[in-house]
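Across the two complexes that follow, subunit A remains constant while its partner is subunit B and subsequently subunit C.
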Partner chain A sequence: MEEQLKIDFEKKLKDFSYSEQEKKFKQTNFKEFLKQGFPNRKLENWKFSDLNQIIKSNIGELTFYNDYKKENQIDKIELINDLEHNKLIIIDGKIEKIDFKFEEKDKIEVLVEQGEETIKENINSLINLNNAFSNKFCKVIIKKNYSLIKPLVIYHSTNKNTQSKNTNLRIDFKLEENACLRLIDIFKDNSEKNFLNIYYNFELDKSSILKNYKIDKSMNNNVKYSYNNVKQQANSISETFILSSGSKFLKNEINCDLQGQHSSAFVNGIFDLDEENHHEIKSNINHLVENTKSYQLVKSVLEKKSKAVYQGKIFVSSEAQKTDGYQLSNAILLSENSEFNAKPELEIYADDVKCSHGSSSGSLDENSIFYLMSRGLNYKEAKKLLINGFLLDVIEKITDEEIKNLIKNLLGIKE
Partner chain B sequence: MLKINNLSAKIDNKSILQDFKLEINPGEVHAIMGPNGSGKSTLSNILSGKKGYDVTGEVLFENNDLFSLETEERAHKGIFLAFQYPLEIPGVNTNVFLKTSLNAIKKARGEKELDAIQFLKLVKEKAKELKFDEEKLGRQLNVGFSGGEKKKNEILQMSILNPKLSILDETDSGLDIDALKTVADGVNALRKKNNSFLIITHYQRLLEYIKPDFVHVLMNGKIIKSGGPELALELEKKGYENIN
Partner chain C sequence: MRDKQIEDLKDYKYGFSTDIESFKAPKGLNEDVIKFISNIKKEPKWLLDWRLKAFERLKVLKEPDWQKPKYPKIDYQDLYYYSAPKSFKDKPKSLDELDPKLLETYQKLGIPLNEQKRLNGIAVDAVFDSVSVATTFKETLTKQGIIFCSISEAVQKHPELVKKYLGTVIPLTDHFFATLNSAVFTDGSFVYIPPGVRCPMELSTYFRINASDTGQFERTLIIADKGSYVSYLEGCTAPMRDENQLHAANVELIALDDAEIKYSTVQNWYPGDKDGKGGIYNFVTKRGLCKGKNSKISWTQVETGSAITWKYPSCILKGDNSIGEFYSIAITNNHQKADTGTKMIHLGKNTKSKIISKGISAGFSDMTYRGLVDISPKATNSNNFTQCDSLLMGNKCGAHTVPYIKNKNSDSNIAHEATTSKISEEQLHYCQQRGLNPEEAVGLIVNGFCKEVLQQLPMEFAVEAQKLVGISLEGSVG
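What follows is the complex of A and B.
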């Protein structure tokens, strides 16, 4: 892999005339990735999902170079048609279309190919890989007091002939004071056996609201990693909802730094897994000042040999008095071979806080099935009704009605 | 309508029903009374298709072999069990459940399914008859319902599904006197020439409100005595130990 990485990185550096600063940034990140490689189970964060092994067994050898000068066809992508939305279409890690047609032009600024990548935190080797290989800098700024009229949908897609390839995408978002963004990420997988690596940075200024809905529904053989880094100022709210289902492997990592008083973070998710799919949600909610709140609810329905992992961490610094932190996970295992791993972590250094966690897993209740069947429903219908009922309270946490309905439709929940 | 011949049932090799015999004709109301552990609930479970029992013998429902039918097929054919302990089903709206159930049965019978408006009209009417709080219909099925509300909900389901044979498994237990009357009114409203009932109970209290045609005493998995409504009164006086 090392040889391939070096060849592809050299090729990438030649493609564009990077400034010295950019070049240095990419080289530093590249070196760091070379040193560390893909995360494996020796790292605590990755002990339930050894990405190195997962890539080896599902993809084999990867290549890392993408030709970002090439134009990709975007008309092949099936768009959401029952929800009016702004769009950002991404193919193989390249932004092919930016369309904010529903919005006031001067309220949104999109910076492409200018500015610099400033975040230098050492998060993990995948962020290094991303910084080394992702296309040019892209930053979306929502101006003060502006709420987007329609949601922004980011379509993540690949070319048909893209295979055994790693593609990287990084987008930075800034929500200025009192701004509001509803963001939907949706995967449109046109090809198999790729490793997609997404890295988002969010800066939430005072009183801004971010709602990010990540939807991975259709079955595909790709391996994906997504990292949300959210920094929140006073009174800001971040709501993340993850529907984790279709990909062979998907790990969503959500890092929220609650830096301003009365800021709050909500992370809710559904694992709806079949076959041998293996998915993970890893959250780090960092309560750094007084009076902040976090809430997490994750529910899993696991068929066949699927595996779900939820590692939820609540960190409360010594200054963060009056923190309110909560997390809960419930799983229904529908097969003897399915697996649910939960690792709740509370790390608390303040003494006046309210934090709790809980986790449960079990099988579908046969008595409930019998009850429903005695009312004329067949086994399949009874099972579906129970599962939908089980998932409903996570879906009810979605505060946006339009998007809630979209997700209900995707899951086949009728009312 | 229902013929039970020499039904024996075991669970984990423990014999519960032995050579049980019973025949119910259209329009009849039968009460089965018996002490705890006499096999009353096993009988209702077996009739509605619950798994986990080893059975021998024969049960015919309108000349269909009941054991060849799945639980939901028995419901389609018109058998209804009012549960002793109705289950709480979180996340499932009571109205949605009722409509799904009614339409599943209608569909299986080749009848036209009800649309939302027709259904709501029906359910409102029935809820009113049973003094069932309409607001509860918009809530999750049985979640947070009191014991009495759960039992009333069973009777509401029964009156909406309009079954040919209703089995009431200790529907009276845990009911106060007002709820008991409402439940009895619900049952009596359904009493028609063709609808039959099998009422399973400990006490004769319910039978003051629902007059049975026949009363059977179940002890140790067998019917030891059958008679008219007067048998229930005799039982109440003498107790199960001294009947015979």
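What follows is the complex of A and C.
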């Protein structure tokens, strides 16, 4: 793999005329990735999901070079019909189309091809990989006091003939004071056996609101990793909802720094897994100042040989008095071979806090099934009804009505 | 008067050092020292080979570093691995022959070693720096066929039992500290309860580290044969010394069909002074194997001492319908650090486990609960319930919860809950209004917080533990 990496990186550097500074940035990150390689189970954060192994067994040899000069056809992508929205279309890690047709033009600023690199901290080797190979930088700025009228949908797609490829994407978002953004991520996988590496950076100014809905529904054989880095100022709210279902492997990592007073973070997730899929959600909520709040709810329904992992961490620094942190994960195992692993973690250094977590896993309640069947439902219907009810708890947490309905339709839940 | 009492209690009550000449092995860790230990204990060859095998393995192993409390590197070559009071070279035949100073030490500790205290009904196997001092109540126990002696004695008298079970729960090739113990263990207790016997009294050991620069490496092996029951108490104290001392014990429990073992610990090693200087490193491996059907192992621990406590008493639930329980109170004050919890490994069908953990941290201390619940695919219809609560006093200390939960069986249920909070102003106010001073009020509330675990302790210990809880938190309020 190392050979391939070096060749592809050389090609990549030649493709664009990077400034010296950019070049240096890319090279440092590349070296760091070469040193560390893909994360494996020896790393605490990857204990339950050995990415190195997963890539080896599902993809084999990866290539890392993408020709960003090539035009991709975007008309093949199925778009969401029943919801009016702004679009951002990404094919093989390249932004093909940005369309904010429902919005006031001067309220949104999109910086593309500008070589500003802000993040220097070492998070993990995948971020290094992303920094080294991602296309030019893109930053979306929502101006002060502006709320987007329609949600922004980001379509993540791949070309049909793309295979065994690693694609990297990085987008930064800045929400200025009192701004509001609803963001939906949808995967449209046209090809198989690729490794998608996505890295979002959010800056939330005072009183801004971010709602991020990540939807991975259609069955596909890709391996994906997504990292959300959220920094929140006073009174800001971030809401993240993850529907984790279709991909072969998907790890969503959410890192939330609550830096301003009265800021709050919500992370809700659903694992709806089948076949041999293996998904993970890892959250890090860092309460850094007083009076912050976080709430996490993750529910899983696991069929066949699927495996779900939830690692949620609440960190409370010694300054962060009056923190309210809550975390709950429930799992239903429907098959003998399914597996649920959880590591709900609390790290607390302040005494006047209210933090708790709960986790449970088990089978469907036989008594409830019996009750429903005695009222005329067959086993399948009874099971479906119970599972829908179980998942509805999380869906009800979605604060946006339009998007709530969209997700309900996707999961086939009717009221 | 009261103030004076508190003042007395504040200082480490057991911090006296007995002036007895020690008989030590040369400093350092090498084959010769292991041979020396083995030789002096007149061990058979298989045990020496076993020790050497562990030592070979030790050379490959690295010290683990994933734990929360970090400590300065230990120089294993700078420790004494064997230390016995000199006057012990010829073992005493009865209590009267014991060094009076030793008896005095035990009296200070309040161990019922002598005749009159026999009424307390505890059989004590006191371990003084690695060599078993005297074993009381032997006769009563022998009548029932119960073997309760030091492990070195068991090696001589019951080699077949030791050979059969030693290292079956904690194998030679386990982690660093367990393997270190396998190579250099000096003494410890051995208990065998024959089939169908209910041990008539609580068995008890008191550990005490006396000589400085010595590591204490006990090895305890408890076997409960079919249908038997035993309750075992372990208490620990150590004198005050500036340097840190290492304590790396191994405890193995084996419960066969229908047997039950109850193991209670009150750990009160010297925690270091107010600035975190000195104190014991308590790195202990405790593991129980529910080998037979319907067997049960229950761990209860009250951890108030040690500079660093790092241990996870575990249960391997191999037999069908077996039960594992873990009740823990961990209290850290000043600069103490604790990383403790349990592992419940469900292998058999219909196995059940229950974990109740209460952590209290005050001062500058750090408390971590780390636990594993693992239900394997074959452990159908298994159940686990975990509850871990933490109480924080002040904003200089930390409380952390790191549970690992693995469920690979769809017919099994796991429930886990954890909370972290502080003592509410209302509760404190209420207590003070009724005439308690702040410290008493905190003591009362903390005892209530720990009640679920304290209830699990045998009578004799429960009283001591309650007092300990109070002593440990002295000075943390206000």
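Here is the rule we use: the second predicted complex is superposed on the first by the 414 of 415 C-alpha atoms of A that agree within 3 Å, B and C clash if a C-alpha of one lies under 4 Å from a C-alpha of the other, contacts with A are read in each partner's own complex, and residues count from 1 in each chain.
As a convention for this text, contacts are C-beta pairs under 8 Å (C-beta built on N, C-alpha and C of every residue); 3 or more make two chains touch, one makes a residue touch a chain.
These numbers come from a predicted model, not from an experiment.
Per the definitions stated earlier, placing subunit B and subunit C onto a shared subunit A by superposition produces no clash, and the two fit side by side. Touch criterion met: A:Ser360 reaches subunit C, while subunit B stays clear of it. By the touch criterion stated above, A:Glu401 is placed in contact with neither subunit B nor subunit C.
In the superposition on chain A, contact is made by A:Tyr371 with subunit B only, not with subunit C. Judged by the touch definition given at the top, the superposed model places A:Glu3 against neither subunit B nor subunit C.
When the two structures are aligned on the shared chain, A:Ile348 is found in touch with subunit C, with no touch to subunit B. Contacts of A:Phe390 after superposition on the shared chain: subunit B is touched, whereas subunit C is not. Once the two structures are superposed, subunit B and subunit C can be ranked by residues of subunit A touched, with C on top. With both structures placed on the common chain, the touch criterion links A:Glu339 to subunit C but leaves subunit B unconnected. Superposing the two structures on chain A brings subunit B to within 16 Å of subunit C, judged by their nearest Cα atoms.
Looking at subunit A, you'll find no residue that touches subunit B in one structure and subunit C in the other. Remark: subunit A residues 365-368, 370-379, 381, 385-386, 388-393, 414-415 touch subunit B in the complex.
On the subunit A side of its complex with subunit C, the touching residues are 44, 318, 321, 331, 333-363.
The touching residues of subunit B, when paired with subunit A in their complex, are 48-51, 70-72, 74-76, 80-81, 83, 86-87, 89-93, 96-97, 100-102, 104-105, 108, 140, 157, 161.
Listing the residues of subunit C that touch subunit A in their complex gives 66, 377, 390, 392-422.
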